[in-house]
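Chain nomenclature is as follows: A, B, C and D, assigned in order of appearance, with residue numbering initiated at 1 for each chain independently.
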Amino acid sequence: MEINGVEIEDTFAEAFPIKISRVLITAATKRWAEIAALEATGFGTSVIMCPAEAGIEKFVGPDETPDGRPGVYIQICTFGYESLEHQLLERLGQCVLTAPTTAVFNGMPEAEKQFNVGFKLKFFGDGMESETEVDGRKMFSIPIMEGDFLVEENIGAVAGIAGGNFFIFGDSQMTALTAAEVAVEAIKDLDGTITPFPGGIVASGSKAGFNNYKFMKATANEKFCPSIRDKVEGTEIPEGVKAVYELVINGVDEDAIQKAMKAGIEAAIAVPGVSKITAGNYGGKLGKYQFHLKDLC
Amino acid sequence: MEINGVEIEDTFAEAFPIKISRVLITAATKRWAEIAALEATGFGTSVIMCPAEAGIEKFVGPDETPDGRPGVYIQICTFGYESLEHQLLERLGQCVLTAPTTAVFNGMPEAEKQFNVGFKLKFFGDGMESETEVDGRKMFSIPIMEGDFLVEENIGAVAGIAGGNFFIFGDSQMTALTAAEVAVEAIKDLDGTITPFPGGIVASGSKAGFNNYKFMKATANEKFCPSIRDKVEGTEIPEGVKAVYELVINGVDEDAIQKAMKAGIEAAIAVPGVSKITAGNYGGKLGKYQFHLKDLC
Amino acid sequence: MEINGVEIEDTFAEAFPIKISRVLITAATKRWAEIAALEATGFGTSVIMCPAEAGIEKFVGPDETPDGRPGVYIQICTFGYESLEHQLLERLGQCVLTAPTTAVFNGMPEAEKQFNVGFKLKFFGDGMESETEVDGRKMFSIPIMEGDFLVEENIGAVAGIAGGNFFIFGDSQMTALTAAEVAVEAIKDLDGTITPFPGGIVASGSKAGFNNYKFMKATANEKFCPSIRDKVEGTEIPEGVKAVYELVINGVDEDAIQKAMKAGIEAAIAVPGVSKITAGNYGGKLGKYQFHLKDLC
Amino acid sequence: MEINGVEIEDTFAEAFPIKISRVLITAATKRWAEIAALEATGFGTSVIMCPAEAGIEKFVGPDETPDGRPGVYIQICTFGYESLEHQLLERLGQCVLTAPTTAVFNGMPEAEKQFNVGFKLKFFGDGMESETEVDGRKMFSIPIMEGDFLVEENIGAVAGIAGGNFFIFGDSQMTALTAAEVAVEAIKDLDGTITPFPGGIVASGSKAGFNNYKFMKATANEKFCPSIRDKVEGTEIPEGVKAVYELVINGVDEDAIQKAMKAGIEAAIAVPGVSKITAGNYGGKLGKYQFHLKDLC
């Protein structure tokens, strides 16, 4: 398939189950909400060696939040619910409770699974905390040095999906990078997904396992590495391609991932010099979910 | 002591030994260097519940880096060298190797203690990596999807200091917050220090231990909480003070901490409505280092 | 009237007719669109001494623009259509045609009044330009150093409204400023309005005419100046108010101004320490439009 | 000449005399200083159709300003001193006096030529203004709605230089643009120069005069337009070059321009895919100043 002269390979992204919590952080301004969100979702690109995968889902205006202030939805993802609760406690307790002007609301009040993270964080108040209500939600108010920190009693979680993805091929590194950036921006306008890597972008996509170093769980995906194109049998790099970036997308359900992949790909191919879009999979052997590019565009 | 009508309390910040590594990240632009640095230093406010304390030290121009590109120095801190090496491997491997256009250089080439982090990260190359040199430094070049990732063989570390601090009292939350922000900015112009909390600022300074909840290691520092001023015996909140922010400063040595505290305090007291500066200590019983405010200003 | 303990004075904003053009700038990324928009709308706060009033209306995603790229709507306003056409030619020709990666589309294709700005700008192509079409719109393609600049043939204009406004009273300068900032952010999510002053905010609201200096057309509105509260008979500054900021809002019609004022006020009063909202008028003697605060909230 | 495999053409930038004023804007935070500076220097790319050329020179920390607050130096340039004074009055009066938290200081106190801009702006105070001193400088304090606006009595100006420049050739639009961006960043670290175009970059460099349209003073520099390379006799576009960006540099003297060109070129050629640097001139017939590339690098 070809769109605007860009080849869309007939392949699919292979993705996996993961547990996802969604948290709404509000603050005095959008900028302070973002600062808290960046700290809380940092060191959160891949569960290979990070304690969680995490990222900003989207920003919301004051008319869309329980306390009438600007807000940002973040997602935190781990393989199991137990580790997820730990990550919520640590990341919200250390990176949002400590951040200027923030409050924390349940981003998934409808979910069956609920962690009483707010209940646990209230003990920081050392007996001076109290219960209150904001827009019908049960909150704890904890006196702190800047004033009072408000946190909702529960934070919900669902079984979601990790590893939605696509690859962008460009005629220069900066072409492919700009396309990746604009794809991340487009996805940030949507509900339900995050792109957990730095700036939403993967510069060094990996393959599971190794060719040479037996002690490695994941190594460079050499078939997609332009600088060694001439040395790799079966290289996937067409002539003239100088760089490849991958977007990895986690989301609450298949529909969210699909919409994000579609929006991201459409934005990416508007950048002149992008020549091809493909996606990463394991031949369907490992992942439970398949997102076929031809179904999206 | 009083400066510009602002009371500087005659007290001291009490600080502790910590191990610190310093890493120079370069990238195609300052913006991409910052994005990698934010991811790599996120979830890094306090070792109470974060795997490390981490932050941006300062930005440098292309004329100050080995590869002639814009750069940013970050610091990563833990109590011991073993955990520090783990954090370096995880944070650089997951958050910088994966970030667009970055390279990694040793930020402490003179330090006695050196971790061969670059040597270990090169195995991601799965046999396709090679050795090279940039500006006299021994580097590994790892083929990745965007091109080649360059990382220096070693990353140095020193015994540094955590917990330098000061408190800003303001006549409104936004007064105190603006003063804290401008103090963080001033410190970011200096060498050798980081302010690891979100945006460099602590909204919820804590005391060691508890009054009521025996299972808590750290709880709200109620004597500095304005909203419960009337309920707390021995409150430290003067009349008219509506908010207090703390800056926590880690640094490579006493001189760096002192300069950062001085620059931060001087910037903070230029904001109208700031009425008092003080600092946090344990009466000198716990920490090895004391930074007296009267010696700074 | 009182909302959340904030007094909303029973008064009105008095506003005036102005001519408004609306331009859609697209670019490779949102950031480059913003850079062009800031240059094109700069030196554009008030027609008292600026050649136009201008500002960013809102950002749009790639799915909302004719060329599938991120975009930003700007407005340019002057009292007459002739000066408006001049401003369009100068600002688009000097600040958008010259800006990296931009294209220009008609932001008011339905308006009766149309200026053939694109037709006139094409002469920069010096004979090498050509006609083309994007999403059904008639465009000119001008070869330039970065590639090709695309501009739509016509840019529309309407008779709109200038000078919608409200004032925010705060217990500190930073309180009032943060409230003003968050109000500007909320308005930027809406259609049809701009806040042309720096960062969307007026720090020095004026009265028409003078008390002392006969040669001045506009001077400080001393009744709303907190620092001289004790010297001004009939001061409007309540005790405890330390700062006042004004938002000035231009928009395409009354409905747009009303929605912006409402969204801005609601966002502002969520900031603790804001005590009062009022608005500026001339007793109804000068302006054609009146926006009563009690009708908004 | 070749540096890092990039051709540096043996040619020169031809530049012209211009009058330059330099203003120091301070504010509560760096961000508010920047917002004021962007508004005050907007619509200021080229005197061909803008009322001035203007831009941000550099940011300074609180330890480098008379009032101990963060600051930014801007330059405003016109051909004559009379128009320069008008621009100062209009841009400072409309875009800085109105901007949150700002103060204005003389950025050239040593210059022989001084405009009493602060003296003239004080009349906005309508009789309530007063004289004061900051760090030995004579200031006026004008009561305004946010508090008091401080402005120094005089603003200095010198005979400077406009039109320092160089061109960056890249293998893709995004390559050349990233190189231009990083060059602008490098120049912003230096004293005495501005890059007045949007984001510091010219996407549509022009030639004086016309080939086809007699009524045009400046038209596209077709020999440097890649998209019409095959149609232009004597094209300067080498095979494989897809985009060219120009940086235009104004500065207070020859030394400042030279240092800026050198820093910008060195930063630009660190971006992979940049193949050539050249500069724009009129064969030495029009401009008083010549900056030879071979003398810089």
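Keep this in mind: a residue touches a chain if its C-beta (ideal position, glycine included) is under 8 Å from a C-beta of that chain, and two chains touch if they have at least 3 such contacts.
Here is each chain with its UniProt name: A, B, C, D = Formylmethanofuran--tetrahydromethanopterin formyltransferase.
Computed from a predicted model, the values in this text were never measured in an experiment.
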Task: Graph distance between subunit A and subunit C, where chains that touch are linked - done: 1
Open item on the list: Applying the touch definition from the top, give me the chains sitting in contact with each of subunit C and subunit D.
Closed with: A, B
TODO: Considering only mean CA positions as chain centres, point out the chain farthest from subunit D.
DONE: A
Open item on the list: How many angstrom lie between the centres of subunit A and subunit B, each centre taken as the mean Cα position?
Closed with: 25
- [ ] Just give me the whole-number Å value for how far the CA centre of subunit A lies from that of subunit D.
- [x] 39
Task: Inter-centroid spacing, subunit D versus subunit B (mean Cα positions, whole Å) - done: 34
Task: subunit B: positions in contact with at least two other chains - done: 28, 147, 173-174, 177-178, 242, 271-272
TODO: Please categorise the chain-chain contact pattern as a line, ring, star, complete graph or other.
DONE: complete
Task: subunit C contact footprint on subunit A (complex, rising order) - done: 28-30, 61-63, 67-70, 147, 178, 181-182, 185-186, 189, 263, 266-267, 270-272
Task: Touching residues (chain side subunit A, partner subunit D) in the complex - done: 170-175, 177-178, 242, 271-273
Task: subunit D contact footprint on subunit C (complex, rising order) - done: 28, 32, 35-36, 38-46, 48-51, 89-91, 93-102, 123-128, 142-149, 167, 173-174, 176-177, 180, 197-199, 201-206, 210-213, 215-216, 218-222, 224-228, 231-232, 242-246
